[in-house]
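Each of the two complexes below includes chain A, the first together with chain B, the second together with chain C.
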Partner chain A sequence: MDGRETASNKRGVMGWLNPRHYNLERWAYVFQRVTGVGILMYVLGHIGDTSFFVGGPFGSGPDPGTWALDLSFTENLVGHLILATTVVIVVFHGLNGLRLIMAEYGIIFQKPSKIEYPYQAKGLRGLQKHMIWAAIVLAIVAGLWAGGILFG
Partner chain B sequence: MDTLLRVQRFEPTVDRAPKTQEYSVPFRDGMTVLDAILYVKDYVDHSLAVRFSCRQASCGSCGMKINGVPRLACYTQVADVGGREVTVSPMDNFPIVRDLVTDLTGFFEKHKEVIPHVVRRDSAEMESPTSDYLMKPEDLERILQFTYCIKCGLCTSSCPTVATDSLYPGPQALAQAYRYTMDVRDEGGAERFKVLDSAHGVFRCHYAGSCSAVCPKGVDPALGIQLLKRHVMSAKPPRGPGEGARTSKP
Partner chain C sequence: MRESRLMQLQYATAAAALVLVAVHLLMQGVLVPYSTAISFDRVLAVYKDGVDVSLLEILLIVVVAHGFNGVRIILLELRQTRSWTTWVSRGALIAAAGTIAYGTRTILLAVLGAPS
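For the complex of A and B:
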């Protein structure tokens, strides 16, 4: 800028997390990131949790008592809600992940072609959009199914 | 009826933080956001900084956030964004020069990084052409929409990857990389792939698609980038010397 001072206007992580005013794919992007972090936390907790059963987190040998105590934390309303939510986010993350893999291989898009006003981006239409809605619906169904088992 | 125009004001050399200033603008049918801003500049506050030129969505100068969405001010009617209240602020992810004016220098550098022109190896033919470089209509159709880019920066402003990765070329540059890589006359794929197939290259796009949603010219960078990923992953060596389009007599 030839010596002129400017101020940064980078959004940073907030740029990832704020889909307001944007398209469905942007919302799916945010949920994919958030659910990814959620799944990672669940997996880490799960590994720590089960380690009590198989050999102890510090190699001190199996500890069925701590394992049973850990399990008891999930056997209440909040624990069941967390588990049911985990099912929802795992199903959404997995199905939406399939959509993203298919997008990266370019197999869910039509070929670029002549465009006419009003412009409708092909990259935001068609099969990939149906796949987002399918991921949302199936995640909710799976969550209800899991809730039925947990609360039933 | 008047329109309440809220403008983010910021002079980096003076102000510590941006502030919002409100102006009342007489509403008229067909009035664009740029018209409203220029009314303020002409009759209310001459110090308001805004960049514009063609007023017809051709030059890409007047990109800004309008009610939270990156848009061209000359291409957005006040009535279409509520009419009564309009909030304008500079585009995200670009350094602010002053008020609504952003610095596009880095943006154009990224554009240049992807070698946005047809590259040919036959320098003798280029110096002393004996025929035209022809392409079939279907080959043109494959890249035509990507040639409509006016480099307004709206896609880059909306991109969540650009928000955190300064080395990422951004949707505008990548869409142009697709446009030239897929051009049957081009032989510059190998050089372009050094940028595209890197740690900060095309695979940093996670398909949020907002670039395509905000593009005022129908360029659809998200589509181009996904197809570019396929091209990079296809493991086909980029076109090299002598593998581009044939030349033929006009």
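For the complex of A and C:
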């Protein structure tokens, strides 16, 4: 590879954010990546904050003092909003990811047929579209449920 | 490792994470009340339980491997030169190893360390 392919791919990651000519599957593709990066950021923060159970980076064992300090930073309105939002994006990412795995292994693909006008992407018919909407709806329901637990 | 193998790894860790994250979330407020789940004594009991702590360690490895491999895939969609591919793959591997090491350190100190 001499770099010419790279030069022709000028939109790169920013191309995800251009909504022109997007269909539902394309939006699901963008959100799968955006939510994935968001979840990784949360996981890194979560691994960092739970380390305060053992006194933080320089701790040596379970420490109720540093754990209480950690909870004083995370157990508030902002912390709970982050947690509830994380539940929404985790559920969407997980269920949409399940759809992608099934599509990758050909489980939910339509059977091939003759190309006829008007041209429509086969993968977007029926089950795949329903699965994307199910992921969106269940993510919102899970977020509301988490909100109920955190703020209830 | 070949890209096809890495994608299979991505799907395998995704399937495992789906189950493990569901169990983890259920333990944090559904099966166990949220205020109890984050209390010091309850968290310590989870770390001291062999099954729970094993699931936490597996969850750590699976989620971090899936996350950093995902970032690697995204960055390789951005550019595809050989040097970029090499450095992104090495960077993702080092970042994942460092994160798993730090998370495992927390688990080991919680399991083995005496409460202060």
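Criterion: the second predicted complex is superposed on the first by the 130 of 152 C-alpha atoms of A that agree within 3 Å, B and C clash if a C-alpha of one lies under 4 Å from a C-alpha of the other, contacts with A are read in each partner's own complex, and residues count from 1 in each chain.
In this text, a contact is a pair of C-beta atoms (placed from the backbone, for glycine too) under 8 Å apart; a residue touches a chain by one contact, two chains touch by 3 or more.
In this text, all values refer to a predicted model and were calculated from it rather than measured experimentally.
In the superposed model, A:T50 makes contact with chain C only, not with chain B.
In the superposition on chain A, A:E104 contacts both chain B and chain C.
Of the two partner chains placed by superposition, only chain C is touched by A:V90; chain B is not. Of the two partner chains, chain B is the only one touched by A:R26; chain C is not. When the two complexes are overlaid on their common chain A, residue A:I115 makes contact with chain B while staying clear of chain C. Of the two partner chains, chain C is the only one that A:P62 touches; chain B does not reach it. Applying the stated touch rule to the two superposed structures, the overlap between the chain B and chain C interfaces on chain A comprises residues 1, 5-6, 9, 12-13, 104.
Of all the residues in chain C, the ones that touch chain A in their complex are 7, 11, 14-15, 17-18, 21-22, 25, 29-30, 34, 38, 40, 43-44, 47, 60, 63-64, 67-68, 70-71, 74, 77-82, 99, 102-103, 105-106, 109-110, 112-116.
Residues 10, 12-13, 67-69, 90-97, 102-103, 105, 141-146, 148, 158-160, 162-164, 166, 203, 206-210, 212-213, 215, 217-218, 220-224, 226-227, 229-230, 233 of chain B are the ones touching chain A in the complex. On the chain A side of its complex with chain C, the touching residues are 1, 3, 5-6, 9, 12-13, 33, 36-37, 39-40, 43-44, 47-48, 50-51, 53-55, 59-65, 67-68, 71, 75, 87, 90, 94, 97-98, 101, 104, 146, 149-150. Every residue of chain A that touches chain B in the complex is listed here, in rising order: 1, 4-16, 19-23, 25-26, 29, 32, 100, 103-107, 109, 111-115, 117, 119-124.
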